[in-house]
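For reference, the structures are reproduced in the following blocks.
Below, chain A partners chain B and then partners chain C, in two separate complexes.
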Partner chain A sequence: MDFMVFQYPMISVQACLDGILLGILFALIAYGMALQWGVMNIINIAQGDLVILGGYIAYFMYLYGIHPAWGVIVAPVIMYFVGIAIYKLVINKVVDRDLFISILATFGISILFMQLMNFAFGADVVLANSDYGTTMLFNNNVVLPNSKIFSAFISILFAICLVIYMKKSKLGRAIRATAQNARAAKILGVDTEKVYAATFGINAALCGVAGALISITFTIHPYMGLPYTIRSFMIVIVAGLGNLPGVAMSGMGLGVFEEFADYILGTEFRIGSVFLLLVLILIYRRFKLSRKREYLK
Partner chain B sequence: MKNNLILYIGILIFGIAAPFVFPAFKVQLSILCVLIVLATTWNIQGGEMGYNSFGNILFYGLGMYLCASVQVGMFFPLAEWTESGGEKTFVHTPSQFFQGMAVGLIVAAVVPTIVAGLIGYSILGLRGHYFAICTLGLGVAAGEISGGIEIIGAGQGFTTPPFPDVGSLDSRGEFFYFLSFFVLVLTFVTVRAIYTTRFKLILNAIRDNEDKAEAMGIETMKYKIIGWMISAFFCGLAGGIMGGLVGYIDSTDVAFDGREMGVFMVLMAILGGKGTLWGPIIGATVFHIFKEGFWTFFLGWQYVALGVLIVVIVIYFPEGIMGWLREKYPERFGEVVDEKDRKAQVELK
Partner chain C sequence: MRLNKIILSFVSALVILFSTSVASFAKVVGDKIILGAAISLTGKYSSNGVHTQNGYNMAVDRINSMGGVKVGGKTYKFDIIYYDDESNPKRAAQLAERLISQDGVEFMLGPYSSGLTKAIAPVTEKYGVPMVEANGASRSLFTKGYKYLFAVLAPANLYLDVAIDLAVEKNNGKGVTVAMAFEQDAFSQDVRLGVLDAIKRTGSKKVIDDKLPKELNDMAATLVKVKQMKPDVLVVSGHTKGALTAIRQIAEMKVDVPMLAMTHCDAAKLSKQHGKNSQYALCASQWHKTLTYKDDFFKDGMTYDADFTKEFGYAPPYQAAESSAALLVFKDAFERANSFDQKKVRDALAATNMQTFYGNIKFAEGGQNVDKPMVLFQVMCDDGGKCENKVVAPTKWASAKLIHPIPSWSKR
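Coming up: the complex of A and B.
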């Protein structure tokens, strides 16, 4: 336990800013999860592994001498097709089935991806160095790497583009219609199979963007996927499906929480605190809902 | 009924004779017993109650740590033991080892049961995928947190007391085999007894429609918690034995290994057939044989195989072996079949 955070206000400011920039990235991943959850009613445990795979794409570009920031454009394109492939091979067989079946199936995909990435890229913690330098704030008391600011900016840009795409384009309208009522959409001539595939592809592409940004700002490792899945799940249940400002806000909140947990409890408890927070949130939600049920009685 | 009795006696004799017939596979057979215990107890709330938990690994790991800690802590200072190389300075005498193991196993069974009872009320109120993800989170959180606690070895692991020198080299394997076989028999007898009572029907009612069951006047929450506590009891025991068997406890790779053991128990139960008595046992046996074969011949690719296996089983084989048998030979399961109707249905397919 270390309460230095509260004795030196500048550390708190640092933690808050770090957390917000990190949280925007989480919100981007959570947006993808909310999308597929809302449309297909599937919880994808492999979400985090798609993120890490996107990160490796950027890392490889870095290894071959291309600036990793270009990964932000290349990763989603590749990941879109990876997502479609996963959908065609596995997900379309579990869409209509019991929820637990889909959780278990994506868990299997997650294990598969983890291990394949471990073979392909090795078990080292890597990062793609972007050479963006740092920004000093408040009399040099707060240090912000420019890569974090860059990644937050790009995430917001992608999120806005996607929202506009969902509102305006034909596919976006079809996706929203399927989310509201798949059967009715089918009757009205929407090819729901195609919509599902596209949704999963878009989700994977978003994961690819987030992963590329994470490989620039933080580090990636083949086994680091599950925490990202849990974070995005947590953000979605706090915000609710289809509530974009809520997703952004709870993403930032989670980021700030994590930074403070990191300072107070120590880095070794960081991931543990995320998972514990998930359990606490679910329990809180359960008691809130049960109280509502009692009102109805 | 008579056939069944012969079957049970046959299995019992096989179980007792197995370590002498296959002396090279003693450790594997003990692990198989532990796996069957885990799959069978997962089935109590996963298959019968419909609460698919990824978090039974919590009780398994808890039992593992508790058993080892008690076994060491009863005679030696625990903190010095878990310091690097500390386990070499202290040696358990045989009587100390067995006493510690006995007390440790009791603690390892009782404490997880209490934990399950305490957290049960808040967690079993969750439904469907919220429950599954919440328990997944619990298992991983326990692993991450125990990896940061110094007194039980933190990141560098915890060496359980080595088996004392009692004369014969084979005695370690035999001791652990019979211990795990005893727990297996205990589990089987208990579960079989449970499955003949009203309790099982209540669990099935909860699985089929919880709200309706509640409306019929069943206190669903009470039975859900009891079901989970039974699972936790045997998971803790299995964990305690496995700790001694493996000889080394690591927070995320051995104890709270959600990626391996936590999924295995779900997979075994599904492979054999959820919601049947024999399903998890058959599933665990088939899975263990498959796994050991794969682990030996395709070392390194085992997780890839595991991932593919999960996906294939879940997509193409969700009813499991028992479900398949049941469809094929319904008469054997005491179901009366209208042959005409069945043929019509087969033709429809």
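Coming up: the complex of A and C.
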């Protein structure tokens, strides 16, 4: 264990800011997961793989001389249609089935995507350079890459647009109605089939944005999707479904937790600490639920 | 009953026919020496798996076109049976079994990576099949007492200790402070052990010792500590992910460190992916085209580089060069053994003492090559932003002078 993070206050500030910026990006991915989980009752194990695919779209734009930041516009458009295609081919056959079936189906999609990306793009680790420079704070003691700030800003922008869209648009209202009660919505004339397809498409589009941002900020690789799925799952579990402020707070909290775990326990325990936290939260929730049940009795 | 007997005899006849055909397929068919290899053509190692296969194929074509292998007064040609191990150690071990017990292969070439070589080595050892491998550098491969395993490359613990020696030399022989970040895998941990030995030997001090996860894509925490501790050397080994992440974040976070040494720069195409940001990074390499080793088949490094580029459309990374060298070693051993007897070939391999375009090859008892030092190259860029890797150590092979200390980011 290394407590350097507490010995030097500036390192704590650095860890907090890094964690918050990172957490906002995680929250965007998690929001997509929460949306389709709430509407369709599907836990999408392929969430991280959709993110990586979005990253490859930005990377290929970069390879062809287009600035990768444009990926945040192109990737969601392409990924929306990828999402619709996945829905039509697989998800619509499992949408009303047991949760376990949908987990198996999306797990299969995840493996398929990993192998297809490996086959199409190769196994090399790649990245897209944005050349955005660096912001120095507190007398150069805290360093924030502008690419991370850009990622957080774009994530917030997309989240706000989505909230407005869900509140104001017809489709948004239909999605919310379906999430509340699919049967009632159907009776009242909502085409739930269309709503499901659009929801899965929107989720994939959000993954596309996040992927483009990750290729600018970090690195991408066909087999790097799972940690993003786990993080979004964790954030949604903490925040609950359909709770955007909760998802944002939980995302930032997870980002800061990861950064501190990295400093204190070491980078090797970074992802492990997320798993540990997930287990602890699940145990806590079970404990809380059992107390509630006793009270109800 | 009679029908059953007929079926039984028919099946038995087929089995006998099949087993004899397998036996005749073993090791030599007509004028061909059949070697077996499980290679990662898909999965996470597929890029380097393909480099390995291209290296093998290039050497097979070259040796065959230049007269082949002469054994017992007869000329033979090399041929290789490949299987895709999917970058999976279990699959690699199964395929090694299949190559040996079903396909009848009696001589093997190694897979890509230390992990997969570790999975295959017990199988080849069990059957007494000599294996020359070119891509498994982990020290643990050479301490298990394997008798049939020979590696043409220098072991992993020698990758970056040269960098510590170099830093000490630049510090007028006094010890230096070292920050280390190594991935949690067999190879990188062996590199770490080598660096720790060098730290002890030179009276240096380790100030950071971070372990990186397999799914690494953010090492900001390590770099913040580096900024705080200001070590003389930062050593990073985390395959291509580690090299790319380190360079990206060092540049973004403006981390100033007098010496930065890493592995896998070649495979990460560091100078291509990061351009000027990768400037001054020191990279450990098994081979570099400017080294002046020579042989009769590929002449020298520069010729190999040109020929390989012409054939495959990209410059050969060291993974390809060492794979080609493995075939040269096999050819030499077959000719000296003058036999296809596995024991005799194994003994001939153990007595190898030769020079190839890739370097000198002489095996120690454990099977590792002890006659080829690692080289360190430094990424150097011109004003136009074009970057090149230039050998700076050991001095004997240096084609450029080491730039030390690395200029600070504010002056770049």
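Note that the second predicted complex is superposed on the first by the 297 of 297 C-alpha atoms of A that agree within 3 Å, B and C clash if a C-alpha of one lies under 4 Å from a C-alpha of the other, contacts with A are read in each partner's own complex, and residues count from 1 in each chain.
Here is the rule we go by: a residue touches a chain if its C-beta (ideal position, glycine included) is under 8 Å from a C-beta of that chain, and two chains touch if they have at least 3 such contacts.
Note that the structure is a prediction, hence the values are computed from the model and not measured.
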| item | value |
| --- | --- |
| Touched partner set for A:Gly266, first chain B, second chain C, both or neither | both |
| Which superposed partner A:Val95 touches (first chain B, second chain C, both, neither) | neither |
| Touched partner set for A:Met117, first chain B, second chain C, both or neither | neither |
| Partner chain(s) touched by A:Ala210 [first = chain B, second = chain C, both, neither] | neither |
| Which of chain B and chain C A:Ile103 touches, first, second, both or neither | first |
| First, second, both or neither for A:Ile202, with chain B first and chain C second | neither |
| First, second, both or neither for A:Ala248, with chain B first and chain C second | neither |
| Touching partner for A:Met224 - first (chain B), second (chain C), both, neither | second |
| First, second, both or neither for A:Val279, with chain B first and chain C second | first |
| Doubly contacted residues of chain A, that is, touched by chain B and again by chain C | 115, 118-119, 226, 266, 268-269, 271-272 |
| Residues of chain A defined as touching chain B within the complex | 43, 90, 93-94, 97, 99-101, 103-105, 107-116, 118-119, 226, 230, 233, 237, 266, 268-269, 271-272, 275-276, 278-279, 282-283, 285-287, 290 |
| Chain C to chain A touching residues, read off their complex | 42-47, 87, 181, 184, 210-213, 215-222, 224-225, 227-228, 239-241, 244-245, 248-249, 252-254, 267-269, 273-275 |
| Touch list for chain A against partner chain C, complex | 2, 4, 8, 11, 14-15, 18, 22, 115, 118-119, 122-127, 129, 134, 136, 143, 145, 147, 218-219, 221-224, 226-227, 259, 262-263, 266-272 |
| Residue ranges of chain B touching chain A (in the complex, touch as defined) | 52, 122-123, 125-126, 128-130, 132-134, 136-138, 140-141, 143-145, 147-148, 154-155, 259, 263, 266-267, 270, 300-301, 303-304, 306-311, 314-315, 318 |
